[in-house]
Every structure is written in structure tokens, then in C-alpha cells.
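Letters are used for the chains, namely A, B, C and D, taken in the order the chains are written, and counting of residues starts over at 1 for each.
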Amino acid sequence: MLHEVEDKFKDECGVFGIYLNNPGSAVDASRTTFYGLYALQHRGQESTGIAVSDGHQINLHKGMGLVSEVIDEQHLEALKGHIAIGHVRYSTTGESGLVNSQPLVFHYLNGMVALAHNGNLVNKVELRKRLATYGSVFQTTTDTEIVANLLARYSQDTMEDALAKCMIDMKGAFALVIMGEDRLVGVRDPMGIRPLCIGILNGNYVLSSESAALDTIGADFVRDVNPGEIVVIDQEGMRSQQVLNSPRSAHCIFEYIYFARPDSTIDGINVYQARRSMGRQLARECGIEADLVISVPDSGTSAALGYAEEAGLPFEEGLMKNRYVGRTFIRPTQQMRELGVQLKLNAIEEVVKDKRIIMVDDSIVRGTTSKKIVQMLRRAGAKEVHMAVASPPTKFPCYYGIDTSRREELIANNMDNDEIREFIGADSLNYISREGMRDALQKNYPFFCDACFSGSYPLPIESD
Amino acid sequence: MLHEVEDKFKDECGVFGIYLNNPGSAVDASRTTFYGLYALQHRGQESTGIAVSDGHQINLHKGMGLVSEVIDEQHLEALKGHIAIGHVRYSTTGESGLVNSQPLVFHYLNGMVALAHNGNLVNKVELRKRLATYGSVFQTTTDTEIVANLLARYSQDTMEDALAKCMIDMKGAFALVIMGEDRLVGVRDPMGIRPLCIGILNGNYVLSSESAALDTIGADFVRDVNPGEIVVIDQEGMRSQQVLNSPRSAHCIFEYIYFARPDSTIDGINVYQARRSMGRQLARECGIEADLVISVPDSGTSAALGYAEEAGLPFEEGLMKNRYVGRTFIRPTQQMRELGVQLKLNAIEEVVKDKRIIMVDDSIVRGTTSKKIVQMLRRAGAKEVHMAVASPPTKFPCYYGIDTSRREELIANNMDNDEIREFIGADSLNYISREGMRDALQKNYPFFCDACFSGSYPLPIESD
Amino acid sequence: MLHEVEDKFKDECGVFGIYLNNPGSAVDASRTTFYGLYALQHRGQESTGIAVSDGHQINLHKGMGLVSEVIDEQHLEALKGHIAIGHVRYSTTGESGLVNSQPLVFHYLNGMVALAHNGNLVNKVELRKRLATYGSVFQTTTDTEIVANLLARYSQDTMEDALAKCMIDMKGAFALVIMGEDRLVGVRDPMGIRPLCIGILNGNYVLSSESAALDTIGADFVRDVNPGEIVVIDQEGMRSQQVLNSPRSAHCIFEYIYFARPDSTIDGINVYQARRSMGRQLARECGIEADLVISVPDSGTSAALGYAEEAGLPFEEGLMKNRYVGRTFIRPTQQMRELGVQLKLNAIEEVVKDKRIIMVDDSIVRGTTSKKIVQMLRRAGAKEVHMAVASPPTKFPCYYGIDTSRREELIANNMDNDEIREFIGADSLNYISREGMRDALQKNYPFFCDACFSGSYPLPIESD
Amino acid sequence: MLHEVEDKFKDECGVFGIYLNNPGSAVDASRTTFYGLYALQHRGQESTGIAVSDGHQINLHKGMGLVSEVIDEQHLEALKGHIAIGHVRYSTTGESGLVNSQPLVFHYLNGMVALAHNGNLVNKVELRKRLATYGSVFQTTTDTEIVANLLARYSQDTMEDALAKCMIDMKGAFALVIMGEDRLVGVRDPMGIRPLCIGILNGNYVLSSESAALDTIGADFVRDVNPGEIVVIDQEGMRSQQVLNSPRSAHCIFEYIYFARPDSTIDGINVYQARRSMGRQLARECGIEADLVISVPDSGTSAALGYAEEAGLPFEEGLMKNRYVGRTFIRPTQQMRELGVQLKLNAIEEVVKDKRIIMVDDSIVRGTTSKKIVQMLRRAGAKEVHMAVASPPTKFPCYYGIDTSRREELIANNMDNDEIREFIGADSLNYISREGMRDALQKNYPFFCDACFSGSYPLPIESD
């Protein structure tokens, strides 16, 4: 229920993998994967899974829920081996549920394989149809099962060659962590839409959606997997194959705005610095007179600090978040709907009373939450409430693995700036401009995918 | 733990299906399947599943545990449709676990299918290899997934033709209940090793492993599915195709001895009558002088009543069973191991003291339980304990879907009659003869498979 | 739901205790209590609890559910000590729920005490009022908490003297197993309404509601606790105090008819023998011509065997019970209500068809189940169905710890014999006579309480 | 496990209550209590309970876990009534576990009562002994049960008079919310050690540990309950009785430093403003030269913002917290112990590299976490790390309801300032002075209890 007050885009998945090629390093593969997933929990809270190989056999445990709910000590002790991969999921495609959770473990002609996937294939319907014609059966609705069946089509090839052929077949966004009985493989789509990086822990290679998970487990960052690259890690060490080359990259810009942890660095850009820099740019563009800057915690805080710094205004914690807001199954009554965001956020009257406030948030999706927060600040006595948004208006849905609302639910698709301002009840409303964001991030847009703002999709979408 | 005192062969599965072609009949498909599985619970206690089709979509709920543990009211309400199949499982092949539970639901070129299987394919290794060569992937270790992939190979055919081709590929024991989006199908192997029968409930066709489940739901028995037959039920009614004809049948004789419910009638023989008749024959063969007949409850009781009747001796309840013996997870200590069967059975001193007892059981597998029961009776004061077994010595493992112990664990494989008698400590030990059993059942052995007694396997076994 | 088809009186509790005064005996107190409760599970399936003392501290684990559901290996390992008591409960007084489960552990002036109780105090309202006037608070609605508070009133006395005074205060039925930090105590009400017996296991004393639990754990029966007696077991051994003497005993006759296990011997009478003897007497009283005798399993079987023997008729298993009928939470639909007892029992057509049947049951409460069984037998082709009941008509409610239906629900309270026969649809209906039952049990009624048949209550009832 | 990295004092409980005297207000008592407890979750995460009265009967649901884990929609629907109280618990006294969870519901001479308690009685041993002498029994080890038994001693009095007498008996810290069948009562100890305030929601009175819970449910703050005051709310409205007057108050100063939510205002002081003000004072006292200020999130952030403002330094998010750190049951391995706080916190290299950092935290208990954070910052490249603590050194344990470590574990009890600095490895270490704190809070210490800093206990401690 309380999730409904969360008016944000939803990320879909986090992937992690480790290969112990330094056996004297006292590192435990499944336990390290547990901690790695723990650090990636923000990328998916619906299901958790860990698969481990001891060189001969792959074992798996997965379930619905958070990492700490699904995996316990007994599971870790049973998951023995020197290679492990893990997955956390927030469903975008396919119905939710255990059957669709990952990693997917399967047997094929060449043995056992485990797959963990972050992204979305835009030609999934066509691929399923093609595979079914050859006699494939599908027990889930996931992309991952499509990849498994594609791989099995090329079972006469080496795994690397087979994966290279699969990359030619697959259109869309994908960051894959794959475990064969004796190897760990990372694959990233040709435009690098979804993130995937390489780390090293006591001489052992690690793959992770975000670098923050490397820090958490004590690993050092090596580099990002390149767009279109396959990296294979086995007892020989790591080798790379650049399978596909795209004239442009299309790194998801929303990773920097909201999804990724501020302490991650993705494709060369630190997320916290990016947000702070966008906050500063926003301040330059806004030019609003006010007494203080507050943020909508926690995702708006980095940008708000940048804003306050640039504007020379004090930053205060005008909105407090209940740190224990979690999943609950109480039916929302009328009383509760009126309470709305109060269950999650509370204005501090002593801070905002009689003040002109600039409230910074990272993004607006449907606008309903922003409206309630503005009301809350006014009830607490704020004299003026100016909303500043550290991303441009989100007008277009994502087809590359992000759960945006449907287009008609995106407020910026239906209203112009002034109508939105009126809807949320703010004294002013400013979004950062696309140009300002580009300047703040010091990259041009062919580096990023910003289709949710621009409608300019780097890959054509399957019409099904 | 307490299961260990159970020294019996284990059955593996029960299957059930219903097609509502009489929509005015106020019968609920998933609920009736629930009750049907409830009546088949003795055939498998590890996992339960129900799949339902509304003509377009197949929905599934399954889980580990008894029918009443896995399925609740909410699940039934969600399982809406006019066709349903269900499965209870005691694992024989494949590791246990949710991933291997049934029904298996999959998409293929022609839509969705759900499969429920009882039996064992003897050429599974060869079939998997062949399918993998064509590019199939396997997420489980079940026969059911092999059947699904076989079916998808023939996706250019009608489902009936495809199944007919599958029947040619599949060697072994199989009773299959299959649900397409708009039909219910029953398939039985060419020798009819595992049971499957047809019933009718208010004009709606039902398929079930045993006729007792028809009684439970209030359906009338129509007939057994014939060995080698496919029956298809859809809105046109029921039609049949006799795909394969075998020169002999090989109905599992252990269904009559121990597995099936006494209130079931399978392939023309009522199980209770069969057991009572075997008990009478056993009495004729034994000719032991004694004061009274008792049974090892509950499976030995029908035969014991027959024995007592034929021998003109009183039948008494000399052993009482704890009706609440269930699954427990207490580690067996030395103290407990000494208690042994006492946790489950108790001798009534007032009945057995100073008496010459004939104790009737349906079968002996390893002999360890029989030994403890004899000791218990002696401690309670029995003057003589004569063991009479209503089946011949079990010397050979089953490859057709029954979990026998390994051959070296079968006491009759290692000892002759007198050594067994000495091991269990009885004053005498008599098994019914193979000929006596044949006479009691009024069928010759080509009608039955009795390979566990004779070693004469009706189908060659894959050497893997 | 399926419990509703159970048309029987409900027992309320089983109690068990052990004191290890022979430390070299390799017996584990909590584990033995676990097995003891396991053997008493038929006396209560709602909650389970075990409390253990190590001489200084009492530890407790309890929960809702069967013994095997509530207690696992970890609990047993945590429950360390040389004295243990346990309890299984079917609620009669007090709302159900964890708060009312037992044993009740409390601290008072003299240390810690654990209490387990079977029975019902008829002056509970007056006792609670009296205690509340002195300042007692009650967190539950159980008799057990009343006993705890009474005991604390006499905290200046030794525990034995205090319990003797409590016995004077308490009116009604009670079999108490009490554990102080360093002793185990058994108390039985002055008329011995509820059972309690003493056993010995490798030199260690045991207390149990029924002797069958002694057999299960391998203990020898010593004797019953006498009505009005307190037995104290500590490191000095066992000592007894005959506190109260009643001119008559009032052993609950329903223990022999239905509640107790057939393999228990209570107050000198073996339950199985009692039932068989009542069956024989019933046959003598009935004199019905028929082809065969069947029982309503399992509780009617012992009497049916006696009946068949006396009548010289064959006993057959005409009704089969689903051994896996358990608790389920499916809402009863119209379809299910029509199925009724079929979910639990099934007639074997091959046995009953065209036969004149005598169906023996132990008792009739509301008659609804009997009616459905008679219908089932007729549908299966029985020519005549004669019902014979091995107890007299139950016309009066019990106030001594049995959950009878309310008086107006007892069919024998509302109808005469012929009306009941017509209601259940039998060709004839015979109950054993009160005199016949007395003769069969070879005791006169002042030995028993048979108030549920006679309305002659041995103790006055509190009017509240 | 991950809780171990939490090196903080632990608060013990939150209490909440509501009386609907405005029946037309469409407010639901139990649901509002649910939301109120939700907002107080930071005060206790071990158990949750809600009790409701409909004027005649009190119903209760409680369990181990968070509010959202223990209470679901079905419970709320069953908890019908116009008065409700609730409790969240972190155990300080008494072993943890369901038996000790609250509210405690009991029957006594005058009916039913439910009790919820925050605090600790310093004369509990003496009170239990005295009550046991009168015949009281104790089923828990909580103070709450002592209060219940005390209240029952005075059952000849009105509830208000009885509570007034109880207040004379009880020594220590207590904020009680009590529900009779027809009234809601709030009681606060004579020095006001633990907080309790009054709010009003659509005309209905509310009691709560903190004002932030009033905001969350949409209620308005009325006033704090006075030290030594009893407030009674029933259909007549609210009335007050000032039972005891103390020459001084002793409001727990740690509520402002760490326990309470920043958006609460307690006894006239807003927590956020207090922290920010202490941060400013700390900056004035320190005078350290540095490049930027960071906080140990989340509890150090308010003070850090104050520090940065006063020092004229930029505030940056140099440490990022994993928002999903929760309870987990993975055994800490050597690998994990080395990871330590990394699982919870991560330094942003881009922020701290080559910088002179002032790191602000609210308090230091054992110092182990601070040490690891300093190491983490140095690994991330910080040039200097100066630790500034917004509270004085904690040298003395609390006896008034706070779970401090034992005295010997408090680092400031064992080391002087320089030794601590060396232990944690900081370049400098500064605590705010007691005088500075007094100035920042604009109150003298007789207003607060600051015994954990000063050893000056406002109430004598029972020596048991």
C-alpha cells in the first residue's frame, strides 16, 4: 500500500557474479554474492536468487522477497562452489512470481548454465515465435528463458561463439551475468543501455550492476564492461571479445537521476557528483528568490545540496522521512488516502514556518505525491513553495527495462509546465533543461539514452 | 524421522482432471480437483499442484506439502476455469523440490499446455539427449518436461497426432493427464502399468488415478483408460484413439497389494476384495495352528480379515496405530531408535498375552520393522508369533515408477526364507506363493507386472 | 471444515510429566515428553507445550498446532533439564489461542512453577471472583491460571500443603501435572473424573493421562493416581498423600467409549477390551438378522468386532477412511456440503451390495453424520442398514471437561428412538442399554460418571 | 547480525492511544493506532501490539516483529472498538519474547484493563517481592505486569485513585498508556523522564510518545502530559489530576541527541532544531580547519548541517547509507567482520579524496564503528579526518529505560579523549561540552537527566 505513494520510475534488476580463481583468498563465493546483492537491493525488492557452481554441478536457491528474507545461513552453507551469480528483481516484463525469478538454471546439450539478466529485449515476441517454431517450450514469460533457448540453438558452438550469435539475435537492453559449470561470463548490449562493471577482490574477478557493490564487498573497481563486449572469466583469468560495435552508446540517463546509488560510478560518471552538479545547474536556471532549500528525501538530497550551494542559500531538513516505511498489507481506507504521504514524510514546522522554500526533487512522474508534499508544507506554515526538479519533464515511456508509468499517466505528457504547477499547487515550478543536464553531466546525448525526456529512442521498438 | 519406520515401497504420484462440458451443473473445476487430489493423497505427500484453463489462459498453483497445506480458499478462488488438472507427488526420479513439482505448465507454438504425469520413462536419458541435440533446454529433472519438449517437436501436428507420436517415443510406465487451453486428454502406456480411469460427474468427464477419487467427488465410474489409448475430452464430448496395442498388459500388481486405496477398483479388480482374497489364500497355504489373527495396521488388515475367516480364527486388534503419526523433524536419538515402531504402533497386552498369534502384513521390504513388531508382541506376552505375508518375497527393484529400496536392501534378495524368519524373530514365516496370488486374483501374470517378485520385466531397462 | 463432519464429543487435554531421578539412565526429559505428548495427541490438537526445569530455572516452549508442528529439534535442544511436563489441548473453556495454551509457567513467592491441567472446575466463576477480591489479576480464561493464583494464596505453606488446600477449594474434574523447580507433582480430583497414571522408565517416574503413552516411551505402568491423591516426585523418590476421600468414584465413562486410545488401560479397565465387550453385549441386546457387520472406522471398529463375534456374522471393511483427512481451510460450498462425509469415508460397493448390513458406531451426537453414512451405504446397494450404537443415547451435556454439543443439539435429547431411526434413515436403530453397558464393563455406575446418558451428575454445577 | 554494527544506545518502547469521543469523525481507532505505531517504529522493532475496547470487551493482537509484519488487514478488521492503545518494543528489562510483549491485557475485580509502558522501574525487585507476599503470581518479567498487580491491589478504589496510589509505589521512569473498558488514561512519572504527549484528531483525543506520530495521523498537538500527571479521557472528555510534584524535571536528554525523530517536539524543544543548534555549538567549540563537513547518516546529519553552517564549510554526502540494511540471520564470518560497516555505509571517493574532512556523529558508545568509518574514509583518500561528536562523552549506564552498553563497554569510561582519538584513528576528536550542550538547548540540566554523561542520577537506584 504505502508503495503507492512512491511516485517514481522503477528499476528492474540487479545482477552480480564472482569467480574464485585465487583459492587461497579465503573468500566465499555464495556469501560474497549475498553481500553483493545486499548492496544492490535498491535495484529490485521482489525476488532474490543465488546460483553456485562447484565446477560440476550448479545449485540454486531463490524466493520472493528481499535478500535478507530469502537467503539464510543454511542456504549459504548449502551453496558450495567457487563460482556464483545472483539476482534481485523488480518485475518489468512478465508477471511477477517465483516462476519468473532469477537466476534461471537449465541443462542443455553442453551441461548446466545459470543466467541472470537486467534489461529488456525489444524483439522478444519475434524471438519466442521463432524459437517455438523450432520446438522450444517456455515455462516463464521472462527474457532470460529466451536467452537460454537461443543459447541452446547454438549448442554446437563454444559458449563464447554461441553468446556472440545470441548477441546478434537479441535487440534491446541487456546486461547478462552467465555461469557455466566452469566459467563466469558478462555480456552487455551494444549501446550499453544497462550498466555492468568488473571488479577484483583478493585476485578474484567480480561482475556487478553497480560499483557500490564492489565497495561493499571490499573489491576494487577494474572497469565497466564495454557496450557490445563479452568478458569470460575462468581458471585462465579474464578474456574479452568485442562482439558488436555501435556507432553510439545509449547509457540510461535515469541511472544518474534516480536509480543508481549515489556512491556508484557508472561509465565514468559518479552518481553523487552528477546529481550535485545537476542541482547546481538547476539553481543557475531557476533564479528563484527564497529563504532556504529543502529536498524530498532521500533521492532529492544530493541535487538539493548542489542547488543550495550554487544559490548561496541554507539547506535544511524541512521534510523528515520515516526510516521504517516498509511493505504493509493494510487496505487503504479513505482516512489513509487523506493521510497520503504523511505516513512517509513529515514537514518540520519549526523549519518551514513563514519561510520561502525551494523544494528540490529528482523527478516527477504522475505529480500526485508532489501535490501532497506541497500541501503538507503549506499546512506547516511555509509562505512560498517553489518546486525545482533536477531532471527534464518525463513524457515518454521506456522500453529498455524501466517500469515507467504508461504514457497517459505521465503528467508532463498531458499538461504544460504551468498546468503542472497549478496541479501540484506550487508557487513556481522549474525543471532542469535538457541542455542544462547535458552541460552538468559534461556529455552529449548520444552518450546517453534520454528517450523518456526526448522521445528519441536509440533502438526501434517491436510493434506487437 | 518417523517416516523411517515405514518399511514399504513408495508410490509416486496421483493425477486427476475434469472438463466441465455441462456448464449448468454447478460443479467447480478447481474445487472438484482439490477434493479429487484429497482422495488421492496416499499416492504422494511431497507436493501438490492444480492448473486451470478458462479456454484461453492456464493458471497454476503448486507448492510443497499436502493438498490441504498447499491449496487454500484464496487459491481456489483465483483458479477460475472450466478445465482443471491436479497432481500429488512422491518423488521417484529427479530430486525433490518445487521445481520438479507438477503440473508443468508451458507455452509452445500452439498455445499453453499443462501436464501431470504418473510413472517413469525407461528411456529418459536417451530422450533427453536426443531433444538436447535439437536445442531443447531442461529446467527440471522430470519426465514431464521430456514429454513437454517431445510434444513441442510435433507442433505442426494436431495435439492428438502429436501425442500419438510421443507415445511411440516414450518407453516405460506413464499415465498422463494433459490440459490444452480447450481440452482435457488422458494417455496410458501400452501395457497399462500405472492406473488411470474415467468417471462422469453431472454430465462432466473426469480422469483419475483411482476410482476412489470418483466416489469421493460423487462421480460415477465409466471405465479404465485402455493401455495404449488416448482419450480427448472437449466441447464435443469424449473421443478415443487406440494408438498402440501391446500383446500383453502389465498392470502393477503392487497397486492391489499396498498402494491403492481398498475402495478403488482398478482394471476390473476391487482392491479390498483382492486383499481379502489373498488373505484367504495365504491361510490355505500356511496351515499354522494359532489362537488368533492380528494385522499390522492399516495396510495388513484386509488380508488379515480374509486369513482369519478362512482359518476360522478370531481376528483381534492386537496392534494399535497412533492415528496422529505425522511428519516430524526431531533428530532420532539412541533413545528414539530403541523406541522404534513403538511411536507408531502399540501391542495390546490384554489381547496377545499367552496367545499364539498369526500376524498378517501386506509385504516385507527390509524386514527391520517386522523384527521390531515381533519383539513388541513378545514383550507384551505373546506365546508364539507367526508372520504371514500377503505377497511373495520382493527381490527385485521396480523401474516403472515405484520407489523400491535398492536391490541390496531388499531382505528377500539377501536371505532365504528361514534366514529372514530368524532375522525378524518369528516362530514361523510364510509368504503367499506367486501361484497362490495368481489364483487369488483370478488373473494370470501376463495381465500383471510382478517383476518385483519374479525379476521378469515386461519392458527392457535403459542402461545409463 | 472437514472437522465438521466429525460428529463426536471432543476431549480436551492430555498431560504428561517426567522426573529424572536416575541420571545415569540416558533418558532426555524434554524429548521423552515430546514422545509422550505424541502418543496423547488424540486428546488435543489445538496447542502443544513443554516446560523443563534444570533445578533452578523453568523454560517453556508452546504454540498452536500439533506436537510435531510446534516442537522441533532446536526447541528440544534448548529445553534442557531433568524435569519436564507437557500438554496438548483441545479447548473447552476459555477462548482458544496461544494465551490460553499450556503449560502455564509463573513466578510466585516460592519460585517458579509450571502447571498442566486436564479437566474443568465447576466453581471457576466463584473462585475467580474470590481471588480477584484479594487482588489477583487474570491474563487468561483458563482454569490453570485459577489454580496458579490459588497456589500463590498459600505461599506460606509447603507446596504439598498448599496443593492440599487448593484441592479443598477446587470443585470439579481435574488431573494436574505440576512442576516446581525441583519436583514433579500429580494431582487427581476426589472422584477421579479425568484419568492420570504413574509409570517408570529406567528408574525415572513418569505421569501421563493414559497408559498408552507409557508404552510408547518404553515405560512400565505402575498404577493410576488415586482419586483425591497428590503424588510428589523429587530426588527422594515418590511419596503420596491421600488428601480427600470421596464416597464414590466418577470415572468418565466416555474415555472407554470413545476418547482414550484402545491400547490404554484406565482405572483397571483396558479400553479395547471394554469396547469389544460392549460390542458383544450390543449384539446380545439387538438380535438383528443380517449378512455382515461393518464399523464406522476407526472408533467403531473394536465394538463391531465384538458384535460380529457374538452374532456369528462376518466382519468386513465396508467403509474405508481417507487416512489423510486433515485440517483444511477450504470454505464449504453447496457442492461440498452435498459431498459431506464422502470426503472422509467411502463405501465399498463390492462388499455391501445386496447385503443386509449391521453398522456399528461408538456413539451418536447430532446424528447428521450417521444419516449421511446410511445414505452412502444405500447408494452402494446395501439391501438393509441396521445401526447399532455401542453406548446409550447421549442426552445431557458434560460439565467436567468434555466438549459435548449444547443440550438442544443432542439428537437423543429431542427425539425418541424411532424418530432418530427415521432421521438417520436406518432400517433399525439399537443403542446398548445402560444396564448392558454396566454388565459389559463389569462395574456399577457409582464407579463411573455417566451423566451424559443419565443426567445424574456426581457434582453440583455452578449456575453462572 | 548487521545490527551489531549499530553502535548506539537503544531506546526501548513507543506507546500510543486514542479515544473516539466524536463518533461522527470517521476515524477508526485500531487503524489510527496502527499508523501511530508506524510513526513510532524507531522506538522499538522487536514486538508490536494493539488492544481495542468496544466499551465492554478488550481485544488484543500482538506478535514479534515490525508493525507492518505483525498487523495485517484481517487483524484490524477484528479489532473493533472506539478506544485503542498500541505498543512497539525494544526490550530493555525482561527477556525478549512474545510473553513479554505489550500491551498487557488482564481481568481484575473491576473488569478488563490493557497496559502499555515505556520506561523502567528502579524498585521493581522490591515491588515484585511485596506483591508476591500478598499472593501475586507473575507470568512475565515486565514492569507492566507489576503495574497490573499493583492496580489490582487497589481494586476497591476508582481507577484514578488506584493509579494515583500506584504512582506513589512506582519509582523510576514511566510513561503509561492505559485502557479501561470505557476510558483511556495517560500517566507520566514525576520527573517526566520518558516523553508522552496529547493530541487531538477530529475532536478525538490521542496519546503518543512523540508528536511526530500526531503529524503522521493528521492530529494536532495539544500539550505534553506533565510530569506526575494523570490524564483520563472518557465520554465526558479529558480531565487531569496532578498527583505528584517533583522539585525538578529530568527529561531524558538522549531523546534530543539520538532517540526521537527530528520532526518531534518534546517538552517544548524541537528535536531537529536542538540537533542543528548542538551542531553549531560544536563548531564554535572545535575550531578545526577543514575543507568540508560530512555526517554519519542518518542520525548525525542534523548536527552536521548546523556545524557546516556555523563553520562556513560546505556540507557533502561523503558517506552513503544502504537504505535496505535490515535484519538478517547470516552468521558473521571473518570475511564479513572485516567488511564491517561497509555493508551499511560507503564512502564516496569523489567527495572525500584529498580533502580535510570533519565527520559529525551524534554520539560514540563503544567506538568500534567510528574506528571503521575513519578507516573507510582514509581508504577513500581523505587527507585528514576530524571527528566531532554532538554530545558529551557517555560514561555512565542508564537505569531509566535505555539500553546502554554495560559501563565497562563504554569507551569514554575507559579512555581519555586522546586515547579514544587514537583508538578510532582520527586526526582530532572533539565532543561538545556539557555546558555547550546546555547553552545550545537553552535549558539548565535540572530540566534534563544527563546522567549518562555526568553520573548524576536524579533518582536513587535499587541495588539488587
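The definition used in the following text is that a contact is a pair of C-beta atoms (placed from the backbone, for glycine too) under 8 Å apart; a residue touches a chain by one contact, two chains touch by 3 or more.
Predicted model only: the values in this text are computed from it and were never measured.
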Shared touching chains for subunit A and subunit B? none
Euclidean distance of C-alpha centroids - subunit B vs subunit C, Å: 35
In angstrom, rounded to a whole number, how far apart do the mean CA points of subunit B and subunit D lie? 61
Centre-of-Cα separation between subunit D and subunit C, whole angstrom: 50
Multi-chain contacts in subunit C: which residues touch at least two other chains? none
Chain pairs that touch, all of them, please. A-B, A-D, B-C, C-D
In the complex with subunit D, residue positions of subunit C that touch it: 98, 104-109, 128, 132-139, 148-149, 151-153, 155
Flag every residue of subunit C that touches subunit B in the complex, lowest number first. 26-28, 31-32, 34-35, 38-39, 41-42, 45, 66-68, 71-73, 76, 212, 215-218, 261-263, 265, 270, 272-273, 276, 298, 301-302, 305, 309, 314-317, 320, 322-331, 333-336, 338-339, 342-343, 346-348, 350-351
